[in-house]
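Paired with subunit B in one complex and with subunit C in the other, subunit A is shared by the two complexes that follow.
Here is the complex of A and B:
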């Protein structure tokens, strides 16, 4: 069980790297679905080990919202944006981004080290650093990507990372909080999707990184 | 003692005899997947046989390096074969002569001479291919190192015979995240080192786009045969390292009986067939990367291996 959870963690970190390195939006969308399913799998294993019904519910909510609802919503709101086969611009080139992400992973391992000393459970050792790394790298993707949709996926990756880290720290979080978080994510996706759509309609592009002025002169 | 030497020689013979077959099956499968007829699986044997009976032409402008290189390319994989587990899971006579880094450096020596020979004749395509190979090579080198170090760190040894047991005892270790990441990084490495499709097109005939192939353009006759055979053996040896040491060290001979050794040959070939199918799927479903995208591919492999090290060092 520990090993399967570790495997899910290892694949999770790979998908997080993919979010930084992918060039096409459709690829990022697929990676995000895979990432959410891995997160749900990890939550199921933790729920079984800690015998906590909450984590199973969390896994169910995750699969429902993140693997079906959000991709479906975005797909129908922004079909053209997702299928556009152009390459996404980044502030740095992809090798530099990947190196920075690797640095962030190492950084997160050192950051959670003091926490691990207090509770050396095997699940905490896998989920906490990888979740924190997902949080960091998602944040980095928001900074480095110039397009609206990849930035949204950066935010969602941060959320996934926080979930992965949170599931092992607090296996018995009140269900209300989980529901609220899931609903929050849905609303974020909806709002950012609608915003992207209106930006695209108004200016013909979603390169929000280049939009530094409020008004055209 | 004498038995171990004989087994070692059998290993070398297996690598020499079956390596063109692996290439033949690979080419055939690839053509079939792309709904073409394709050459027979014994075509590489026929090619090598034909080339051995042809006249050899060597440029007057070339030096001894050009003449020496085919032998180097041909013998380097044979020396590596002595060091790695091909058929047996226990160390053979030469196993402790060198570790995995020694094997890597011997293979690199063959590649080094091939590069020099490509520049030697003054053919512009040769030099272009050689410099591109070096570009891929120096990007691949750190990945090689880190994969080896991760694997050796887990096993507490750099001898491949000892390393192969570490990941599968107990079997749960197979699913350790570090292992999965290392396997992925090494797979990307094999693709890059052998000039497979996301990095280089092995069946391309357009000199300007070639990376690996253009190094052997100047060879004819016996030299070309040796280069070709050496290339097949290098592929076979890398597959052996990947499958027998990193991925699935099952099906190898565990006792000293001669029958088990013979039984291991079809089992190893079967494992290779399984892996070749995966490679064929990769080759047929991806397109070749642009030259300056190769660095991204290799950095992805590097970061994968670095994350494997970090997870291995800090977490477990």
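Here is the complex of A and C:
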């Protein structure tokens, strides 16, 4: 079980790197689905180990919203955007971004070390640093990407990272919080998706980098 | 029971608002009556004799609670909610008739429904006792206000709404990890109920590393929502592009509800030897005050001016909390009160100016006191009050913070704080001065009449701004002392 969870964790961090490295929106979308399924897998394993029904529900919600509903909504609402064969604008080029992401992973390992010393569980050693790394790299992706959809995936990656870490540190937190939190993600996607649509209609592009009317001079 | 009623009223009003009747006057009136009822109930709760620093009414088996600090925040939310609902009435009428964009009555009904839900989510933040639920409530404030920010549907408003969602969701994800780490630490002490009071009692038994890590994650996460530098960039955009009554809510009270959560953690941190919260709070606070003070000077849009001033005041509150000690805590509480009432008044004044002149541009508003005496006087009073001139509330609270800091020997921090406050004062007043006095431009004398509802809202909102500068009524002073006590151990 521990090894399977470690495999899921390792693949999860790979997908997170992939989201930084991908050049096309459709690729990011596919990676995000894979990432969410890995999160659900890890949550199931932990739910079995800690005998927590909450984590199974979290896994179910994750698969339903992040692997089916959100991709489906985006796919149908923003068909043109998704299939556009252009490269996504980034502040830094991809090798530099990957280098920064690797730095963030090391940083997150350092950050959680004092926490890991308090609890010798093998699951924590995998999930907590990888979850925090997912959180940080997702945040970096939001900052570095300049288009609306990749930014959205950055936020969703952050949420996935937070829940990967959360699955091991708070497996018995009463269900309501997780349910609502996962529900939140759906609403966020809807809000953001609708906004993307109307931004697109208004300004003809989802290139956030071009939205520079509001700034300091 | 009061707690339940406070949350129930906005829900009922929301349902009234979405009834598809002709026009939107029903929803406007229902909102005013509803928010007034919330104000009445929350003041009866806040001034009830049973309330103290660490105790008060509890409802629903401990899911809802209220102590001195919560009661104060609820009171402030409901006050701003009431005055903003009055201002909305006049503002929406004017938007319907005279703005370029065409609006349907249905859109206004949706505005009022969202307004009430937004109010509900902000009332829920201080009332919920479970920390995970509080996180959800904060997330809901974002989701419900984002459509209000983008209500005017211009490309600027959408840009502002987008930045708002992206940055605050990032903050929420970071804060979520902090909340979960807090729960982890709490569980290791053998406590299972994840409430503020349980945390307060269990904190001395918790391992310091959990408190420290959770505090940092939550400070950065909810600090984003409160507009602390460097994650403040969404705030001037969102707070300048939203309709003015919504700005008053966003700037006046929504930022404070985010700070409320950070401040709730401070008494937990004091159990750790060498209280590590203070340096972080003071550093973040000083950076925010300093950055905002210099950015204030160069603004070209007067709503952005007040938005930057919000960042400045959030910084001042954080510094005051960081100074620790009962005098500084009372200063922080009075700064929270003074900022909320003054900033909401400022945004009403800014909204009145916008209605009268039709522009947000500072350089195109001149001689306002002649073209519209009401808006001009309001803007002048608002400018003086928020910049910290006597005899207004902000002056008193800033003065008490400075005095508390000097008495505790924090000369460097207070020196920097005073310098930044003076710079901000000059920045605000030079802009306001030019707008209110100066020589009127020919073109801007188009619509000098303010709707009566706006004047009424301004008249109500100015009362505490002036009153609290001279004298705090006994009941409010007691409430503030309770709130200050609950910031310490």
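What we mean here is this: the second predicted complex is superposed on the first by the 213 of 217 C-alpha atoms of A that agree within 3 Å, B and C clash if a C-alpha of one lies under 4 Å from a C-alpha of the other, contacts with A are read in each partner's own complex, and residues count from 1 in each chain.
The criterion applied here is as follows: contacts are C-beta pairs under 8 Å (C-beta built on N, C-alpha and C of every residue); 3 or more make two chains touch, one makes a residue touch a chain.
Here the structure is a predicted model, which is why all the values come from computation and not from measurement.
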| item | value |
| --- | --- |
| Simultaneous placement of subunit C and subunit B on subunit A, clash or fit | fit |
| Which of subunit B and subunit C A:126 touches, first, second, both or neither | first |
| Touching partner for A:14 - first (subunit B), second (subunit C), both, neither | first |
| Superposed model, subunit A: greater residue contact from subunit B or subunit C | C |
| Superposition-derived angle with apex at the Cα centre of subunit A and sides reaching subunit B and subunit C, degrees in steps of 10 | 150 |
| Subunit B versus subunit C as contact partner of A:37, first or second or both or neither | neither |
| Partner chain(s) touched by A:139 [first = subunit B, second = subunit C, both, neither] | second |
| First (subunit B), second (subunit C), both or neither touched by A:105 | first |
| Which superposed partner A:162 touches (first subunit B, second subunit C, both, neither) | second |
| Per-pair minimum CA distance [subunit C against subunit B, superposed on A] in Å | 19 |
| Touching residues on subunit C, where the partner in the complex is subunit A | 130, 132-133, 135-136, 139-140, 143, 146-147, 150, 153-156, 158-163, 165-166, 169-170, 173-174, 176-177, 180-181, 183-184, 187-188, 192, 194, 207, 209-210, 213, 236-237, 240-241, 295, 298-300 |
| Touch list for subunit A against partner subunit B, complex | 2-4, 6-7, 9-11, 13-14, 17, 21, 93-95, 98-99, 101-102, 105-106, 109, 113, 125-126, 129 |
| Subunit C-touching residues of subunit A, taken from the complex the two chains share | 111-112, 114-115, 117-119, 131-132, 135, 138-139, 142, 148, 151, 155, 158-159, 161-162, 165-166, 169-170, 172-174, 176-177, 180-181, 184, 187-188, 191-192, 195, 198-199, 202-203, 208, 211, 213-214, 216-217 |
| Residue numbers on subunit B that touch subunit A, as the complex places them | 172-173, 175-178, 180-181, 184, 295-296, 299-300, 302-304, 306-307, 310-311, 314-316 |
